[in-house]
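Two complexes follow with subunit A in common, the first pairing it with subunit B and the second with subunit C.
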Partner chain A sequence: MIRVELVKMLRRPRTWVTIAMLNALPTLVAILLAVTDVGPRSGTGPAFLSAVLTDGTLYPLAALAIVLPLFLPVAVAMMAGEAVAGEAQAGTLRYLLVRPVGRTRLLVAKLISIVMFVLLTVVIVAVLGYVVGMLLLGDGDSSGLVSGVSGTSLTGTQIAQRTMMAVAYVTLSMLGVAALALLLSTFTDSALGAALGALAFLIASTLLLTLDAAAALQPYLPTRYWLAFVDLFRDPILWGDLVRGLLLQGVYLVGFLGAGWANFTSKDITS
Partner chain B sequence: MTTARRWWIVAIGVLALLAAPLLVHALPVEDSAESATSLAARIQQSHDVPYSGSAESTGTLQLPASTQFGALGDLLGERTRLRTWWRSADDWRVDTVRTTGESDLFHDESGTTRWVYESLTATRTPNVFVRIPDASDLLPPILGRRLLDGARPDELSRLPAERIAGRDALGVRLRPSDQQSSIDRVEVWADPETAVPLRVEVYGDSYGPTDQPGQVAVTTAFSSFSSELPAASITRFEPPPGSTTRFERVLDFASAADAFAPQEPPANLAGLGGRRTSAVGAVAVYGRGPTLLVGVPLWDRAADPIREQLNSTAGMRHTTSGHFVGTGPLGVLLTDEDAFGTSWLLTGTVTPATLERAAAELAASGGFG
Partner chain C sequence: MIKTRGLTKRYGALTAVDGLDLDVREGDVYGFLGANGSGKTTTVRMLLGLVLATSGDIEVDGEVMPGAAARVLPRVGALVEGPAAYGHLSGRTNLMLLDASGGGSSRSTRKRRVGEALERVGLSAVGRRPVRAYSLGMRQRLGLAAALLREPRLLVLDEPTNGLDPQGIREIRELLLALNARGTTVFLSSHLLAEVEQLCTRVGVLDRGRLVMQDELATVRAPTGRVVVRTPDADQVAGVIGRGVVHRDSDVVVVDGLDAPTLNAELVKAGLRVSELGPERRTLEQVVLEAAERAGSTGVLR
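Moving on to the complex of A and B:
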């Protein structure tokens, strides 16, 4: 079942068009940085963007920081919102469940397919970011060492290891969005409605993060720790927010996926 | 399995996950019978204790946006995430953590290096007695000890213990008795074993028309804390590749005035005793504990941009001495130029009347004690 869902995801032109569109913005930003040599002011703009002016090695992380707040969650919400509702909308869900496949297994297979889509997307953003960064922004110091966020020198191996950890963290950060869109997808036959519902939740979360009056709520908002992957490049690594971010995504995953499971395994499938 | 049972399983699972942190928070906190005076004394003696941890400070004070004040407006008016490794007073590191990067202070016996990641710049400056406050001043141990410095027994009382950074922290409250003070109260919670302050809250009386007396002005607290000695390698700075290193003799306009201005401030000002431990210097520092009065003599070249900024600041008012702006318990008074072209920037946690009195006394003495 999982293999079927993965093959279906990989064979869809929509998957690759989405990935291509996600990579367009970081590539455009790299071109603009290379041409103008103008970075954001200190404390503004996406993480790592000012540092990559002198060293393209870190551009994969800048590319992740560019797509993470908006474009990646939009793509995830669209994919996950379409997972069950799309089948219902196309009239194929009934036939899908005729096969000897449990609904729980189908739901899990859909989620794994979405997570693999996120992983594939994030890896391509990072790899393309590295290529674009090296070609357009240069490879920095001849010693091969790169300045970490805390002013310590990181070796190429350390950068590679931490970038892989960042890719994994960003992928896992999307679990909450994916589970919510999947939950909504089990309630409606409209894929767009499920995706927009998940996005509305994320926009509310992002808005509340800017509001001092919502300080008590902020540690529990799904977008609160998304950019904590930057902490992997501090020295020593600042683990607190990374761990909190993963635990929070776990709670959202259990809650939303559990509700999706309770609803999907109980409902009458009519389309 | 029935539909209802499935939903019950989900509801119980979610409730269990949500309740776990609440249960940890609700565990009883162990208090102690230690007196407020003894606790305050132990806090003052904790300056040699090494520690490390993450902290967060929140300020509600809206300083005039002037480049002269550096990052002070952000420190006193916004939320700041900090990390620190403190080996001793002459060997420490404080990071200001941002999602876009960080600014770090590496301090040793001969000076301080400020690292800014976004610009890949390290700036080395010598140690000075007077400077504009930086991130290190907002660490709970530094701020807590400074605020309790010189506290009298009748100003102190105990507060119930609270769990802070996983420790059952003992609390002490200070209500300053100085009439010049604009601070309502200060509350400090300290680690029961080492007496290192873990959380500090400063409540002010009001200057501004919309402020309420007794509102919190600044809060700073550890979210994680360890009293183990940090490794020496963590507090040492080696410039990374691709970075720029600069050396500057002058840190900011306050340290420049202290070093180069000719004034010799009087021993007492506006009824407050001198606070300087270094005799040489033109900047006037007075008061005790949370009651602080600072006077910086400025030439017109330094004073004019500040005056211009104060002119465009909401709530600024002209007084008999100059331009005055108040935010929470903090007052800023820039006096008009005297016959020699000198203005005094008077600021601190004192009442507007105290600032006016200080301005009048400095005008009468010409800034010489």
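Moving on to the complex of A and C:
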């Protein structure tokens, strides 16, 4: 079933359109930077963007930081919101279930397919970011050493390793959104409704993060630790927020997926 | 093959299916008749484990549903409330994916089985066209092909001839009869009396969630023991027969208590013209309407 879900995901035109659109913005930003040579002032704009002007090899990270706050979660919410509700809308859900595919199994297969979609997307963003960065911004440092966020130098191998860790972290950061959209997807036959519901939750979370009065809530908000992957490029790595971010996503995953499972396995399928 | 006891489904205050005792035997072509909204589809969904019953038991192919769904459903082919497929993929790819999604089917024979199923429903020549470009009739055939993929022991078909032209309906009818002859039990839900009458060996009639009749088609349509005489001389015929006449129209006389040969001889002896004479058989429509009337229904069945 997992294999079938992956095939369905990969053969859907929408998957590739989404990925293409996700890559458009970082590419555009790289072109603008290369043409104008005007970077954001240090400390403003997405992470790493001020650093990439001198070193294109950091551009994958800048690209991730560009898509992470909005584009990626929108794509994930769309995919996950569509997962069950889309099958219900198309009428294929009932045929899958009488095939028979167990309901728990179907839900897990859907989640895995979404995670694989995120991983694929993030990897493509990173790889394309690297290519674009090298082509347009160039490999600025001839010594082979580039400076991390802390100012100390990281070797090329370290950068490569930590970029891979960043890719993994970004992928796992999307688990909460994915699980929430999947939960909503089991409640409604409207894929759009489920996706928008999950997005509303994220927007609320982002808003509360800027509100000082919500300080007590902030450590528990799903978007709180999203950009913690920047900490991977400090020397030494600052693990605190990264670990908290992963644990928080784990809690959201278990909670939302559990609720989704409880609803889906006891639900009358009337679509 | 299918047995339910007291099968009931309530949606809040509404009782969609009420104390159903279905009995579908192995080898039957069972016609499950009911008007739209009488609870047919809800029943079919409960049999397949899609909708969970409020109370009552279901047994399909000797095992309890929905508990044993994982074991039972691989032996069941189903078409529920119209076909469905992924529009951007071809019919063949759809079937390959559907077959691969669950267990209980061999991977090595998949390609062959998909080809055979498509051939059976007359879709083998369609090629790589995406399903979104299929006509309604083609989609219906594809849905049937999906139900046939694993040579099921039981076919549960909800309105299988929807959207088909007369030629297509005949092809599907022949296909189902051929499958039945090879041992497949067919459970066919329909609101079309004619379809059931032509195809089925047993009928169950659902009226507002209740099973008002369940019997062999041959039994319900057996001769009533009365004889129908069609004649231009209705008055004289009635006069000759006398007390045996139970019903009279301008050109039809229904006679009770005399068999057809005796009656025929009498009318010939009297020199009366007869255009038609034969035993009375009720149509399925009459039977269904009577059963519904007994149950106090106002539901209309075509």
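Operating definition for what follows: the second predicted complex is superposed on the first by the 271 of 271 C-alpha atoms of A that agree within 3 Å, B and C clash if a C-alpha of one lies under 4 Å from a C-alpha of the other, contacts with A are read in each partner's own complex, and residues count from 1 in each chain.
One rule holds for everything that comes next: a contact is a pair of C-beta atoms (placed from the backbone, for glycine too) under 8 Å apart; a residue touches a chain by one contact, two chains touch by 3 or more.
Note that the coordinates shown come from a computational prediction; the quantities given were computed from them, not determined experimentally.
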Query: Sharing subunit A, do subunit B and subunit C clash or fit in the superposition?
result: fit
- prompt: Of the partners subunit B and subunit C, which touch A:G102 in the superposed model: first, second, both, neither?
  reply: second
- prompt: Who does A:V254 touch here: subunit B (first), subunit C (second), both, or neither?
  reply: first
Query: What is the contact status of A:L70 with respect to subunit B (first) and subunit C (second): first, second, both, or neither?
result: neither
- request: Return first, second, both or neither, reflecting whether A:L209 touches subunit B, subunit C, both chains, or no partner chain.
  value: neither
Touched partner set for A:R94, first subunit B, second subunit C, both or neither: second
Subunit A residues touched by each partner, larger count belonging to subunit B or subunit C: B
- prompt: Between subunit B (first) and subunit C (second), which does A:R12 come into contact with in this model arrangement: first, second, both, or neither?
  reply: second
Query: If you stack the two complexes on chain A, which partner ends up touching A:S153: first (subunit B), second (subunit C), both, or neither?
result: first
Task: Once the structures are superposed on A, label A:S266 by its partner contacts, choosing first (subunit B), second (subunit C), both or neither.
output: both
Task: Could you say whether A:L196 touches subunit B, subunit C, both of them, or neither, answering first, second, both or neither?
output: neither
Field: Three-chain overlay, closest Cα atoms of subunit B and subunit C, distance in Å
entry: 10
- request: Check subunit A for residues that touch subunit B in one structure and subunit C in the other, and list them.
  value: 266
Message: Give the list of subunit C residues in touch with subunit A in this complex.
response: 45, 48-52, 69-70, 73-74, 76, 78, 80-89, 93, 97-98, 100-102, 146
- prompt: In their complex, what parts of subunit A are in touch with subunit B?
  reply: 39-51, 54-55, 140-141, 143, 145-153, 227, 230-231, 234, 236, 238, 240, 251, 254-255, 258-259, 261-262, 265-266
- prompt: For subunit A, which residues count as touching subunit C in their complex?
  reply: 1, 3-4, 7-8, 11-13, 90-92, 94-102, 266, 268-270
Residues of subunit B defined as touching subunit A within the complex: 3, 6-7, 9-10, 13-14, 17-18, 54, 83, 95, 97-102, 104, 115-120, 122, 223-224, 234, 237-243
